[in-house]
C-alpha cells in the first residue's frame, strides 16, 4: 500500500469541518494539520485527533517544515491565500482552493504560485456540478439551436444569485440576468438544473446537494487527480473534462 | 340513460378543435354546433359531422332557437362574449368561457349575464391547474410561514408570463414580479410548479400539460358540474374547492 | 404569554435528537425530560440542559409525578409504549407516538390508553407527507379514473420499501406491490412522489425531506393541535384533514 | 447551396408520419418517396405532395432506379428490412433503421448489408436519449461507486417495459429487472430519468419526450452525420459519442 497523500487544511467552518471529516475517513489521504481562524474561539470536535492551529498564532513556514504536506486545501476566507500561496509554491506544495469570494488580486496570487507548483481553483468543487457543466457544454455544441435556461434553488436566507449558477451560465454562454432563475424558499441545501429545450423533447441535467460533505468528496477527487501533476493552473472543470475524454477513448 | 347535455361551441382554433374532439367522444354531451371565426378560411376536419357556422354570417338568436343548447362554451377570442352573452342569458342558456384575454368590459358583460343564467369563467379550465391552486391555497393557510415560489415553463415563442402562473400568484398571495419564475425553451407544452419551502422539507405541486385536449376535459368537468345549478357567476376554482369539501366530508 | 406545553420525550437516537432540538428552540413548549435507552452509553449533547434518564433505571411513575408533563412524545422503539402508555393514561398525560415498527399488540396498548387520554399515532409525522396524502385522497375522489403511482427514493442502505409509501398506497387504495416504485441510491434523505396521470395532463405531488428535524416540526404541530382535545385516538392525517376543512370554510 | 440529401422512407404510421413531416420542412434533405403498408387503407395527408407506394405493390429495385435516393430510412415494421436491405446494399444506398422490434435474423440482415453500405440502427434515434446514455456511461466511469437507477414513465396502455430503458440499463451495466422502474399512468408521452446517487449529492439526467416528431429530428441528425461515411455498421450512440469527443477537443 502506498503512503497516503498528506494534506494541510485551511478553514474549519461549516464546509471546512465536513471536508475534514471526509479526509479523516479516506485512508488514501492523511490530514496532517488544520489552520483555522483565531477570531472565533468555539471549539470544533473532529472524529480523530488532528493538530489545529489558529491562523494568527502560527508561522506557516515552520508548520510546513515540521509537518510536511503534499497539498494545502483551502475552504477558509479569501485572504488566506495571501499567506500561504508563496510559501507553498517555494516548497513545491500543491494548492487546492475552493474559496468562492476571490477578487482579482487573490486570483493573481494563486496564478503566480502556479508558476512553481500545481494549483487548482474551483469555487464549486463537487464532482456533480462539474459533471453537469461539462455535459452541458457538450450539448451546447451538439445542439447549438436548443434553448437553455438554468433554475437554481437554495434556502431562503441565501440572498445573492448562486455563484455556481453564474459560473454555469458563463461556461454555457448564457446571459445570467435572463437565463438564470433563482428560487429561494425554506431550507433547500442547493439544487441546480440546466434545461435544454428542443422543439419535441427536453433534456434536464440536475444536481441536488444533500450536504456540504460533497465538497470534501470533490476535494478528495481533486487531490488524487492532481497528485503527481506538473506545476500549472488547473480547474475542476478541466479535470472533469479530462475524465470525459478518458472515458470516451 | 339520460339525454346528453347539448353544447354550442365558440372557437375552432388549436384549443377549440381539441375541445370539440373531447366533446364528440363523450356520450354525456352532444356538440350541437360550432361557431368559428369567418376570417380564416382554412378547413377544420372533425371526427364526426357537426354544423360549423362562421361568426360573421350567423344570427345567434336563430341558431339557438333552431338548435337549442344547454350551454355555450367559449374558446374563441375576447369579443365573442359581447355577441352571445345577452342572448344566452335571455334564453337561460348557461355560459362557460375559457378565454384568457378579457378586459374589464368583457368581464362586466359576463357578470351581467350571470344575473339571469349560470356563467362560469376560468382562463385556465383544466382540472389539474385548479387542483394545485386549491391545494396550494390550503397549504398557505396550514403553513403560513413556509416560503413559496412558482416556476412555469413554456415553449420558446410564448413571450409573456403565463396568465395561469399570475393567477396562481394572486390566489396564493404572492408577488408575481418576485415569486414567479418563467422558463422559455424549446417546445414545452406547459408546466407549472408551486414550491413550498420549509426549513427541513420541501413540497412541490406540479402540473404538466401534455396537450390542449386537457382544456376539453376541463370544460366537460365544468359542464357536468354546472348543469342544473342556479344562475350566478362561478369559477373553476370554486367548483374544484367544492369538490375538495365534498371529498373531505 | 401562556405557560409552555410540557413534554417528556422517549428516544434520543438520530430522529429523537433532532426532535429534542426542535422542542428546545420553540418557546411554546418546554422539554421537561428525556428517557433514552440505557443500552447505549454514548453521550448526546443537547443545546440546552435537560434531565436525561436511562430507560432501565427510571421509574416512570415517579418521573411524571416529580416532573409533570402534558404529553409524552415517543421517537424510541416499539416496546417503550408498553411501559408508559398505562401510566400516562391514568395521569391524563397525552401520548404522541411516531414509532414506525409497531406490531398489533403495541397498537392495542395505545388504543387502550386512548380510552382515558388523547393519543396520536403516526409513523410519519411530518406535515408535508400528511399534506400530500390528504391532497392525494381528495384527487382520487375528484378524478377516480386517473392512474396513480408512487415513486419513493431513499439512501442505498434502506433495504425495505418505505413504510410511508406503503401507508400512502393504503390510503389511496393502491396496490403497494404494483404501484409503489422504490429507488435506492446514494444518500437521498427521502423523497415521495405521487403521480396522477390523466390523458392530457399529469399532476405530481412531491415531498422532499431535507433532514430528520422535520419530524420535530411535525411533532410540534401535533402537540399544539392536540393540546386541550378530549381523550381518543387520533392520527396526523386526521389533524391535517381537519386543517383542510378549516381552510376551505 | 448543395443539393439536398435524397431520402426514401419506409413506414407512415404515427411515428413515420411525424418523421416525414420533419423531412419535408428541412431544406437539407428531400423526401423522394414513401413506402407504406398496403394493409391499412386509411389515407395520410402530408403537407407537401410526395409519391406514396404500398409495400405489396411496389418493386423496390425499380423504385430506386427510377427515383434514386441516398438513404432509406425505416420507421415501419421488423420485416421490411428483409425486402430492402440487399437491394440498398447493392446500389450503395445508406440504411437508417429505427425499428425497435427486431429479432436476430433482422439484425443479421442489416449487418450483412453493412458489408457494402453504411447502415445505422438505433431503436431510439432521438438525440436526447442518446445524449443521456453517453453522459451516463461517462459518469459510470468517473464515479464507479455511485448507485444508479432508471425511472421510465409512459402512458397507461404501454404494457411492456420501455425498450429504451432496457437499452440504457444494458449500456450502463445495470440489471433491468432491479434497476429499472416503470410508471404507467395517463397519457405521458415518454420520460426517462437516470438517477446517480452519491453519499452527499444526486445527479439526474432526464429526457422528456414532447412528441414523436423528435424521432424525425433524430433521423435528420443521423442522415446528415452519416452522409459520406464509408460502409459499416453504425449506431446513434456511436455518432453521439463521436460528437462528445469532437466537442471536447
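We call the chains A, B, C and D, going by the order they appear; numbering starts again at 1 in every chain.
Everything that follows uses one rule, which is that a contact is a pair of C-beta atoms (placed from the backbone, for glycine too) under 8 Å apart; a residue touches a chain by one contact, two chains touch by 3 or more.
Just so it is clear, the structure is predicted and the values come from calculations on it, not from any experiment.
Asker: Measuring between mean CA coordinates, which chain is farthest from subunit C?
Answerer: D
Asker: Residue numbers at the subunit A-subunit B interface: does the shared fraction exceed half, giving same, or fall under half, giving different?
Answerer: Copies use mostly the same positions to touch.
Asker: Of the pairs C-D and B-D, which shows more C-beta pairs in contact?
Answerer: Pair with more contacting C-beta pairs, C-D versus B-D: C-D.
Asker: Averaging only over C-alpha atoms, locate the centres of subunit B and subunit D and give their separation in whole Å.
Answerer: 38
Asker: Taking the mean of the CA coordinates per chain, how far is subunit C from subunit D in Å?
Answerer: Those two chain centres are 50 Å apart.
Asker: Give me the residue numbers in subunit C that touch at least two other chains, ranges are fine.
Answerer: Subunit C, residues with two or more chain partners: 186-188, 198-202, 210-211.
Asker: State the interface residues of subunit C toward subunit A in the complex, per the touch definition above.
Answerer: 186-189, 210-211
Asker: Name, in rising order, each residue of subunit D that touches subunit A in their complex.
Answerer: Against subunit A, subunit D makes touches at 126-128, 131-132, 135, 137-139, 141-143, 198-214, 216-217, 240-241, 243-249.
Asker: Which residues of subunit B touch subunit A in their complex?
Answerer: By the definition above, subunit B touches subunit A via 146-149, 151, 153, 155-156, 181-188, 195-202.
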